[in-house]
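Dropping the structures in below, format is structure tokens.
In the two assemblies presented below, chain A is common to both, partnered first by chain B and then by chain C.
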Partner chain A sequence: MARYIAKRVMYMLITLFIIATLSFFLMKMLPGSPLNAEEKLTEEQQAIVLEKYGLNDPIPIQYVNYLAGLVQGDLGISFAFSNTPVTDILMDRMGPSAQLGAQALVVGTVIGVLLGLIAAISHNGFLDYTSTIIAVLGTSIPNFVFAGLLQYLFAAEWELFPVALWGSFEHSILPTIALMIFPMATAARFVRTEMVEVLGSNFITTARAKGVSEPGIVFKHGLRNAMIPLVTVIGPMAVSLMTGSMVIEQIFAIPGIGEQFVNSVMVNDYPTIMGTTLLFAALFIGIILVTDLLYGLIDPRIRISGGGK
Partner chain B sequence: MKLKNWALLLALGLLLTVLVACSGGDSEDTESSDTGDADTAEDTTEEVAEETEGETEGENVLNVINGDTIPSMDPSMATDEYGFQFIGATMEGLYRLDENAEPVEGIATNHEVSEDGMTWTFTLREDATWSNGDPVTAHDFVYAWQRAVSPDTGSEYGPYMMGGVIKNATEVNTGDVPVEELGVTAEDDFTLVVELANPTPYFESLTSFGTFMPLNQAFVEEQGDNFATSTDTLLFNGPFTLENWTSTASEWDLVKNESYWDAETVQVEKINHVVVKDPSTSVRLYEEGSVDRAGISSDLVDQYSTHEDYVVTPETSVFYLKINQTRNEALANANIRNAIARAFNKDDLVNEILNNGSIVANGLIPADFAPVPESGEDFRAASGDLMTYDTEAALEYWEKGLDELGVDSIDMELLGGDTETSKVMNEYLANQLSTNLPGLNVTLKSVPFEQRLDLDTSMDYDLQVAGWGPDYLDPYTFLSLWITDGGNNMMGYSNSEYDALLEEATTTLATDNVARYENFFEAEKILFEDAAIAPIYQSAMAQLVSPKIEGVFVNPFGATYEYKWASVNSAE
Partner chain C sequence: MSKLLEVKDLAISFNTYNGEVQAVRGVSFDLNKGETLAIVGESGSGKSVTTSALMGLLPKPQSIIKSGQILFEGKDLVGKSNKEMQKIRGKEISMVFQDPMSALNPTMKVGNQIMEGLIKHQNMNRNDAKKKAIELLDLVGIPNPETRMTQFPHQFSGGMRQRVVVAIALACNPKVLIADEPTTALDVTIQAQILELMKDIQKETESAIVFITHDLGVVANVADRVAVMYAGKIVEVGTVDDIFYNPKHPYTWGLLGSMPTPDSDEDELFAIPGSPPNMLNPPKGDAFAPRNKFALEIDGVMEPPMFKVSDTHYAATWLLHEDAPKIEPPASVKKRMQGIAKTGGNE
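Presenting the complex of A and B:
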């Protein structure tokens, strides 16, 4: 097991290195420069400013310098926010996004699993169709539509929640609901499909014949088996939720990382773009590792320690 | 066996989370729906009203929306609207602009200009202090201005604003001359002598701009790289202090600065700012009463133009078609250019497509920007409409042009921005041109801003929708764009007469403001006789502004809003 993890961590580092390299060169292909007053300065004046940021060096040298900083954990100083280290920006902006993402993930998955369970148990019944419709709507309607609707109804019309802005827990409720629709619908769809299949399989019939109680069958035998595909999708979904949604953050005026990331790309803030990309990538790769380890716990058939894989 | 138990435990754990989270979610739901059900909607409204009142009660407090974060509060490094806005509110330079954009005393009480207009001697007030108690002296200006052009600083606006204005600014920036040689010296603590590179009649108003703010050397050097990254690493000498701010903050306050030399004039105690980018969210926050001012995007104008708080404020940015004479030979023909400049309906464009209070532009210098010296008349009004929509004249020029070129159809490309509004505008312009000028085929190219700049620099376009905002209070900021081989000309326009008029205005006539303006009128006329550009519109901002906000001035350049003389109408 330890060897397996060590191997995986090494792969992770290699992947990160490739991502860093790719995004570095892709970023250099963005049109324009990080200068804000580009059109007002002569070439010579632009060069003086770029010199300060080390952007006059040939690209391979910039790349080496960049990697050197990275190895030392230095993500650099933002071009857009003068004198502000990228790590500070990430720290500041990650908080609200992570909180919203976590809330949406937990609430969404829980409700989704319940919906899926109910649907599977009343297979082809009224409740099944209802929850399927909810799931289809949830995956197909983009969340900014929900966000706008929620804001209009619950904040503007009925004044139950604040319209936007960030601060108290109350402020996080509407964006959380808007964000949780997708994980909810996804979880419901997966759980339903799996449960229907599992509940129809032979070992369930055996369990029934043995006289296992219905809750026992659903939770102990059914749900546990249905969890495997769910775990696969929840991992990456967790990352995408916690790294922020530009649209939701913009609509509810939340100072999150998703919105910041898009902004950085718009103004060619290279260090911030790189820092954010790497952070997202690391989170993503880390979660995939955790997911793989979880499989083993949930499903003995995919045991890693056995070395069979 | 062990692992199986683990798995069971995990499943149980998951289930528990399910239950706990579920009940948690439920109780929240009930709580909130309780407030909704039990108390009626009326109560909720009251609650909101009370909340807002509670915040503002007995205080002069305003709540406004800011379109984005403040990227930099360092006067040397700031380049954007928001940086200059808050530097302007929290710091004070030699002069400050009043309601009519006239310079009024700031740190300087008065000044003398030498006969040749090249040496300005400012007398500073002795009672101005920094927020740490240090006096504001002439040395603070010398330090700040040297810092702005020093190549070590890497400032963008320093060399841009001071180059060609202050003696040796460009040379210091390129490293040819030591920084001490910059034409600014402190004769004593309260006398500042500035030597200029060229006579600059608008220098007085220029000193109100963010880049020209003083800096306390000891403080800046003590903070080092942390300077101006948060409230704690800033010093203020203006009407307000900036509180609760870090560089990525999305909420912050302007608080009245009690140590400001003219603190008794400042009436507003506090102005809260929150960053909101979404236009419909802004409007909803306004309706909710959380903010006292919100911008209205053009798609919302129809809905709110009848709102009692709807206000349109003209801006001083002008948008026009740049006509590149170097790529498409048809555009080197003056008749063809004249035809294009007259062939699109600007009224419909501003009313139907932009629909945000923008006004038609029939010249280069925007309206309500530069008053003509002595008469005080607005430059635009005095200069008149130089290029209007006129299909008949357009057609006449067009046919003459086609004859001269010996062709009966022309293809050209129209380059423009890729925001929603820009795209619609580009399509409209292309459609108007090809409808009104038979034989003209326009292809559209909508690209992001950065890419448009690149294409502009490489002159790789035929027609381009572009714009310009002023950097100082003088028509020269616009007219200098089209000087032969100018850094922003980038369309191959060249007219020696035009160049000579402007050259004269900055040299021999520099101290005679009336004569300078005569040259400006003349130059603008030439520009449109040549149909060098085709003016489209002058931008404006549509907003909802609470009637309780009074005395907030909108500046034609520099800090957008001036809050020094603002007050909160208590009757509201």
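Presenting the complex of A and C:
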């Protein structure tokens, strides 16, 4: 097992290196320079700034310098955000996004799984249709619609939660609800489909023939076998939730990483763009590894050969 | 002998989009303690539906028990709630399934799957259940039971899995064991092993076995009595000797005649023409008549009652009526059924 993980981490590093290289050159192909917005500078001043940040060097040299910094864990200094190191900006901005994402993911998945189970058990019954409708609405209505609705009802009308901004836990409730609708609906859909199939399989009949109670059938025998497709979709969804939703963060005025990513692209803040891209990429491939390990945990048939437990 | 299980006039229908499918149309049979009853018939003759009803495992809400009783130790199982049936399933009546590849939960350790019933029905704690499960694995002939307990089904071969399924079914010493084509999905050598295993275990536990199969070789090997089902009814019932040496129903002749035996290469198999009737609209009269070259005129008008051949042997065919012409089974069939009886199955 340890060997397998070590091997996977190696591959991850290679992937990250390729992503870093690709995004570096792609970014250099973007039109404009970091100074476009700063028209008040004289040509002389611009030259000094470019020199200071090494932007006058030939691109291959810049690339080597960048990689050298990267290996030492240095993502460079942001051009736009008052000369703070990119790592600091990311740490700072990641917090709210990660918290929101994690809350939305956990709550959404749990409720979604329950909805899916209820639907599967009452297959083609009233509860099934109800939960299917919820799932369809949740996947098809964009979350900013919910966000607006939540702000109007819970903040403006009933004044239960703050409208926007970031601070206490209460501030995170409305954006979490808005964000969790999608993972909830997705989980409900996947669990229902898979559970209906699993409940029809022969080993469920075997379990019934043993006299296992209905809750036992669903939770002990059914759920685990229905988890694989869910884990497959939840992984990537986790990344996109944790790395922030630009729209939701904008609506609730949350200083998250999604908002900051857009800004840095607008002003050609190269180090920040690169840093954020790499962070997202690293999270993504990290999640893929976790997903693969989870598969093995859930289904012994996909357990890694040679390792296992 | 005391009647352990008595099925009386059981009728089961399925509601489908096309209408009511009459899967089982008035089946009656009984089962004594320690006895093996084989139910044979083509696919779709209602054998599996009948046994699902015994287990209380008919698919709901499509299926309905139209009439009849299932008396287990004198108590009617029809109309028992799911909760009550949960106490009977696995404890009093248990089941071995056809396909061992899919009958075990792929994500649960084999040991836990055996222990589940023990913990539920015998109120055992995990330790006792574990000991008993190891004994059971040993009983069904699985080597290294301690190690095997912690393995998953995919680490077992088909034959070994079927042994596990048998172990699960036997865990709580059921009074009735229903085996729904337990050897169909296995290759021949393994089939023989599983049959031997079931016979041995029956001797030890005195369970009664309802053995569903379409393999007459298996019937000759394991059964005490045989019920032949056709189109949702039992058309002939008797001891193994009755059915193999003195079959009365033309359908039974067909079944016997269509089975190859080692010395059957000289002449053709006696195939039954056509296919079973559509149970959406069961034919009037004798359901087998359209495929029966010995059919009489009355077969198209009236259903034959069960005629008594001997105390153990009954058959539902007008050929047994005193006014009917005396018809002997075709010579090729006669020869073949003796061949089957002689070899005692496919071993």
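One rule holds in what follows: the second predicted complex is superposed on the first by the 294 of 309 C-alpha atoms of A that agree within 3 Å, B and C clash if a C-alpha of one lies under 4 Å from a C-alpha of the other, contacts with A are read in each partner's own complex, and residues count from 1 in each chain.
Everything below uses one rule, namely that a contact is a pair of C-beta atoms (placed from the backbone, for glycine too) under 8 Å apart; a residue touches a chain by one contact, two chains touch by 3 or more.
Just so we're clear, the structure is a prediction, and the values are computed from it rather than from any experiment.
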#### Entry: chain B versus chain C as contact partner of A:Phe203, first or second or both or neither
second
### Task
In the overlay, work out which of chain B or chain C sits against more residues of chain A.
B
### Message
Just checking: does A:Asn268 make contact with chain B only, chain C only, both, or neither of them? Give me first, second, both or neither.
### Response
first
### Query
In the superposed arrangement, does A:Val113 touch chain B (first), chain C (second), both or neither?
first
### Query
After lining up the shared chain so the two structures overlap, which partner does A:Lys52 touch, if you call chain B first and chain C second: first, second, both or neither?
first
### Task
With the two complexes superposed on chain A, say which partner A:Asp92 touches: chain B (first), chain C (second), both, or neither.
first
### First (chain B), second (chain C), both or neither touched by A:Ile298
both
### Task
For A:Arg224, select first, second, both or neither according to whether it touches chain B, chain C, the two together, or no partner.
both
### Task
Return first, second, both or neither, reflecting whether A:Ile251 touches chain B, chain C, both chains, or no partner chain.
first
#### Entry: On chain A, positions contacted by chain B and by chain C
220, 224, 298, 300
### Query
How about chain A: which of its residues touch chain C in the complex?
201-203, 205-214, 220-221, 224-225, 298-301
#### Entry: chain A to chain B touching residues, read off their complex
30-33, 35-42, 44-45, 48-49, 51-53, 78, 80-84, 88-89, 92-93, 106-107, 110-111, 113-114, 148, 151-152, 155-156, 158-166, 173, 219-220, 223-224, 227, 250-253, 255, 259-260, 263, 266, 268, 296-298, 300, 303
### Task
Please name which positions on chain C make contact with chain A in the complex.
55, 57, 82, 86-91, 94-95, 97, 99, 102-108, 116-117, 120-121, 152, 154, 165, 168-169, 171
### Message
Looking at the complex, which residues from chain B come into contact with chain A?
### Response
3-4, 6-7, 10-11, 14-15, 17-18, 21-22, 25, 28, 32, 35-36, 41, 44-45, 48, 68-69, 71-72, 74, 77-80, 151-157, 159-160, 163, 173-175, 225-229, 246-251, 274-278, 280-281, 284-285, 287-288, 290, 448-451, 453-454, 456, 471, 487-488
